[in-house]
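Next up: the structures, one after another.
What follows is a pair of complexes built around chain A, which joins chain B in one and chain C in the other.
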Partner chain A sequence: MTTIISLTILGVLVLFLGIMKKQSWLLPVILLGLVVSMGLTIMDWNTFKVYYHEMIVVDNVSVAFSTVLIFSAFLIFSLASHYYRGVQRPLDDIFGVMIFALAGAVMMTSYGNLIMLFLGIETLSIALYVLAGSHKEAITSNEATLKYFLLGSFLSGFLLFGIALIYGSSGTFDLQKISVYVSSCAGDYPPMFLAGLFLLIIGLAFKIAIVPFHFWAPDVYEGTPTLLTAFMATVVKTASIVAMFRFFTHTFQGIHGAWETTIWVMAAFTILLGNLTGVYQPNLKRMLAYSSISHSGYMLLAVVAFSPMSENALLLYTLSYSIATISAFGILILIREAHGNDYFSSLNGMAKTNPLEAFCLTVAMLSLAGIPPLAGFMAKYYLFTTALEKGLVWLVIVAIAGSAISVAYYFKPIMAMYLKESNGVKLEVETSYKVHLFFMTMLIILIGLLPFLLIGLL
Partner chain B sequence: MITLTSIPIHYYLVFCSVLFSIGVVGVLIKRNALVILMSIELMINSINLLLAAFSAYNNDPAGQIFVFFIMVVAAAEVAIGLAIVVLIYRTTHSIDINVLNKLKW
Partner chain C sequence: MLTVILILLPLLLSLIIIAIRREKAIRQFALAGSLIEFGVAVAAFIQYKTSCHCNLLFTADWLSTLGVSLKFGMDGISLLMVMLTTFLVPVIILASFRHSYHRPAAFYSLILLMEMALTGVFVSFDGLVFYIFWELALIPAYFICAVWGGNDRIRITFKFFIYTFTGSLFMLVALLYLYFKTPLPHSFDFQWLYAATLTPVEQTWIFGAFFLAFAIKIPIFPLHTWQPDTYSGAPAAGSMLLAGIMLKMGIYGMIRWMIPVCHEAVQQYASVAIILAITGIVYASVIAIRQSDMKRLVAYSSIAHVGLIAAGVFALTPNAMEGAVIQMVSHGINIVGLFIVIDIIEQRTGTRTIGSLGGIAVKAPRLAIVFMIILLGSIALPLTNGFIGEFLLLLGLFEYSMVFAAIAGLTIIFSAVYMLWMYQRTMLGKTNETTEKISDLSWSEMAVFVPLVIMIIWIGLFPGLFLDVALPDVMQVLNYIK
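Take a look at the complex of A and B:
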């Protein structure tokens, strides 16, 4: 709760700084404010609290994932000064809306009531519709925002209808009371409840970009300004998957019955389709979009294989995925600036002209592909282990096959950078940006070497 | 005396589902961004009606409170949606969603 309040205050403060015409203060204030609200979040550790008649439930799971979300936002905002350096227009609106979106994401990790889930999703989504179209002059950005808005509000309608049907059959929005209702049903659910559940899953699956509700993701990711794509691919995905995880853990104590198969099939198809289509993408940004789709499939494994261990595995997975993706987007920003496009040929010979950037991108790609000893490998290892303990052998086989396919496209940029002849364009990077990229790369390696620091937390 | 609950709940359920489906079909077949926005509004309002009906039948005010939240969110969504449509109109001079084909899957 203190997290949501502090983030909202920070957002208002940023807008206020915009009115006062203090553009140069924006980023320092935001970074400081995010550190403060991260501190306030961590202070709630091990103190189980409920607010507003169990509308908001702050437990260790929500604290851990809120910290991941704020940390991801911190890493993204650290890239912002470089990304927006040539922009003349005031930036307080974009930054303010990003922080409000973050507050919505935190709501999604700590809701105790379906009303709060809906409000969190809408706070996040409405802010993102604005952010996707924030490059007003570019037709691609306009198109991305309209597609995202129309599909997003359409699928929000499904989510809402699902909530209404669950309310109709159980008579409450409260997760604890729904859980009581679920146990009173004893496995024999009325059709209205099941229909509501499936509609709710559809609504959430759209936000996470799970096959068959993923078709918007590559287009919207490509059209959106790159920095905000990084925000979409990390913060939004983490928040939505945690929202789904929280719904199933609090109401069903894990999942079973008809919808276990549904989520099983969704996860398998997401992993296979995301990775197979990723191989055929011509440029880095679309490839990262498909990479993020396939990773949401892996994260779904934690929802299917619910156990106390899978919370830890999901935490490690979201953290390592977020850092590696933001690092890759950091390099993508540089490439798009220097070349005006992000085809793989633009990366040719980058290892000679910019060895540090090439190294950072290589580590990020290897981590996303799951090569030991990096963070992505450890995260996948723990996630697959929890799934195996639940006896989901075939799903794990599909996931491993998917990882093997994914190596094919994660190695494309690496081979372009190290094996091809240089095209003579040197990326212009200031030192602070280099330090930031290097910091993220070190984090990926460090989490890979010391995963046990995170794995026993929850 | 005729009360709200003298109509069986199934009638509300069927009526709201039909309204919702009309909204869904409208979103899927119409090409005009404004008409799609109207269809989404229809979907949301059918849900509002359903929630109010459930709330009356369960003697639980939470559903009606939720309707207010949904109205606020829907208003915000429409405000953003119309702004986006204006933005599109400025660059393409059309609000037909078929003109948006720069990003392909």
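Take a look at the complex of A and C:
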């Protein structure tokens, strides 16, 4: 709760700074504010609290994932000063909206009531519709926001309809009471409840970009300003998957029956389709879009394999995925800036001209591909162990086949950077940005080497 | 403690070396570092032989909730592999001095990183840690071959990477599955993995996954298609690391835990595996005879030789297994020697096409002598290192099945045919315009070959020292087959 309050205050403060024309204060205040709110979040560790008639439930799971979200946002804001340098227009609106979106994301990790879930999703989504179109002059940005808005609002309708049907059959929005209702049904659910459940799953699957509800993702990612794409690919995805996970853990104490098969199949298709389509992408940004789709599939594994371990597996996975993805987007920003595009040929010979950036992108790619001993491998390994413990052998085999396929595209930038002749363009990077990239790379390596710091937290 | 030093030292060296600027300093540092590493390995060997048979064990917690611990140690088999690795790496580094590679710091750093990963594979006593090192070895190997390789290197090395990575992932699935079959509390410790209770069906699947991973690495027919291209496209040092050491990871893995873990399935499918391996021997030998490129010829000869080792492993007799262990060492030494010779010839004449060479012995007698010794080792002439290994392997195979032994025995005849033919057409005869100006080995180049030649003759004359080290552990592995 303190997290949501502090983030909201931070958002308002940012808007005030805009009114007072203190543009140069914006980022320092935001970064400091995020650190403070992260600190406030962590202070709630091991204190189980409920607010407003169990609208908001703060438990260790929500604390951990809120921290991941705020940390991801912190990493993204650290890239902002470079991304928006030379931009004349005031930025307080963009930053403010980002922080409100973050508050929405935090609500999605700590809801105890379906109304709160819907509020969180809408706070996040409406902010994102604005952010996707925040590059007003670019036609691609306009296209992205229109697509995202049309589909997103449509799917929000699904979600709301699903919640309504669940309410209709169980008579409550409260997760605890739904849980009681579920156990009273003893496996025999009325069709209305099931229909509501499936609509809810579809609504969330859209936000996470799970096959077959992923079609918006590549186009929207490509058109959205790169910094905000990073936000979409990490913060939004983490929040949505946690929301889905939370729904199933709190109502069904796990997952079984028809929706187990549904989610199983969705996970398998997401992994395979995301990875296979990723191979054919011509540029880095679209490739990262498909990479993020396929990673949603892996995260779904944690939902299917519900067990005490899977919360922790999801935590490790979202964290390592977010860091590696933000790091990759950080370099993508540089490439698009220098070349005006991000075709793989633009990366040619980067190892010679920008060895540090090439190294950072390589580590990020290897981590996403799940190559030991990096964070991505540890996360995948832990997730697969969790799934195998539940006896999901075939799903794990599909996931591993997906990892093998993913190497084919994660190596494209690496091959371009190290093996192709340079095109002579040197990326201009200030030292602070380099330090930031290096910091994220070190984090990826450290989480890979010391995963026990995170395993066993939850 | 020595075991941990063996892993950490190369890692440290590879990190330091990036900071060095002058090429000469980089080379000297890399050589000195790898020699120190060899010294540590020798110290471990002496300690193991003389004072304690305590496996030089080191244990530390890592992921205790997941049953993963940092458990390193060496038994006789690992010790021989570590000796081979640490012995070959300085030789490979020394042999690379003749080339002036661009970005030398990265090059030598990657070689040392690779040494670290290879050593890690051989000393891990924990399944997951083994897997991590196994995959880690792939990254430097990929970059060495892809950055400093020859024509078409990008496509070739990518094929190599995808092939081996896919194989390893199957191993990962099997390993994870196995983990849940270990006694409670689950653990990746080898002893735990050995104790896993598996139904016959599970054994078959796990065997299949392991076999795929190891067979790709070795490679066993029909999973060998990445190998000739990769060996011939890689820089000399890359081919040596891959053929000399990296492929031994596969055979080592089979002996170390595929056989103990799925012993029933191994027994059941041994004949299938042997048939595949023997098919590979004949197939690769026939292709080797038809090769016009020296490096490709050696690559195919390697498939044949390694096929024999793999067949020996599956014969599951003490003789064959001993032969496999000693032959891993010998094959590593011989193939590195052959690749260096080919590299020297290629550098001086600009070609490695057999047809356009000839008469080198007249102009470069020292090179011809060295080449001959290595070649004899590789065709398993008595009193060279190749003999004892192939003899034991064939003997063991004979105990398993006479027919298999007879067919596998063709490898000796075949390898004599293609190797001597290659020698005859490149070294003997008249010189032509490409070989006219070839100069003989310089003294620094002799220094590369001296240790190799010494080892070829030493193992040939006194194989007992090496056989004794491995024997108890070989017997222990075979104890699971009953």
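We take it that the second predicted complex is superposed on the first by the 458 of 458 C-alpha atoms of A that agree within 3 Å, B and C clash if a C-alpha of one lies under 4 Å from a C-alpha of the other, contacts with A are read in each partner's own complex, and residues count from 1 in each chain.
Heads up, the rule we're going with is that contacts are C-beta pairs under 8 Å (C-beta built on N, C-alpha and C of every residue); 3 or more make two chains touch, one makes a residue touch a chain.
As the structure is a computational prediction, the values presented were derived from the model and not from experiment.
With chain A as the common reference, chain B sits beside chain C without any clash. Look at A:Glu143: by the touch rule set out above, it reaches chain B but stays clear of chain C.
The partner that reaches more residues of chain A, of the two candidates chain B and chain C, is B. Shared-chain residue A:Ile400: touches chain C; no touch with chain B. Touch criterion not met for A:Phe439: it reaches neither chain B nor chain C. When both complexes are overlaid on chain A, the residue A:Tyr381 reaches chain C alone and has no touch with chain B. Once the two complexes are laid over each other on the shared chain, residue contacts for A:Tyr51 go to neither chain B nor chain C. Of the two partner chains placed by the overlay, only chain C lies in contact with A:Glu389; chain B stays clear of it. When both complexes are overlaid on chain A, the residue A:Phe411 reaches chain C alone and has no touch with chain B.
Between chain B and chain C, the minimal CA-CA distance in the chain A superposition rounds to 27 Å. Put simply, chain C touches chain A in their complex at residues 61-66, 128, 131-132, 135-136, 138-139, 143, 146-147, 153-154, 158, 161-162, 165-166, 169-170, 172-173, 176-177, 179-180. The residues of chain B lying in touch with chain A in their complex are 9, 13, 20, 23-24, 27, 33, 36, 40, 43-44, 47, 50-51, 54, 58, 60, 62-63, 65-66, 69-70, 73, 76-77, 80-81, 84-85, 87-88, 91-92, 97, 100, 102-105. Note for the complex: chain A touches chain C at residues 366, 371-373, 377, 381-382, 384-385, 388-389, 393, 396-397, 400-401, 403-404, 407-408, 411, 415, 418-419, 451-452, 455-456. Listed in rising order, the residues of chain A touching chain B in the complex are 115, 118-119, 122, 126, 129-130, 133, 136, 139-140, 142-147, 149-150, 153-154, 156-157, 160-161, 164, 167-168, 171-173, 192, 215, 218-219, 222-223.
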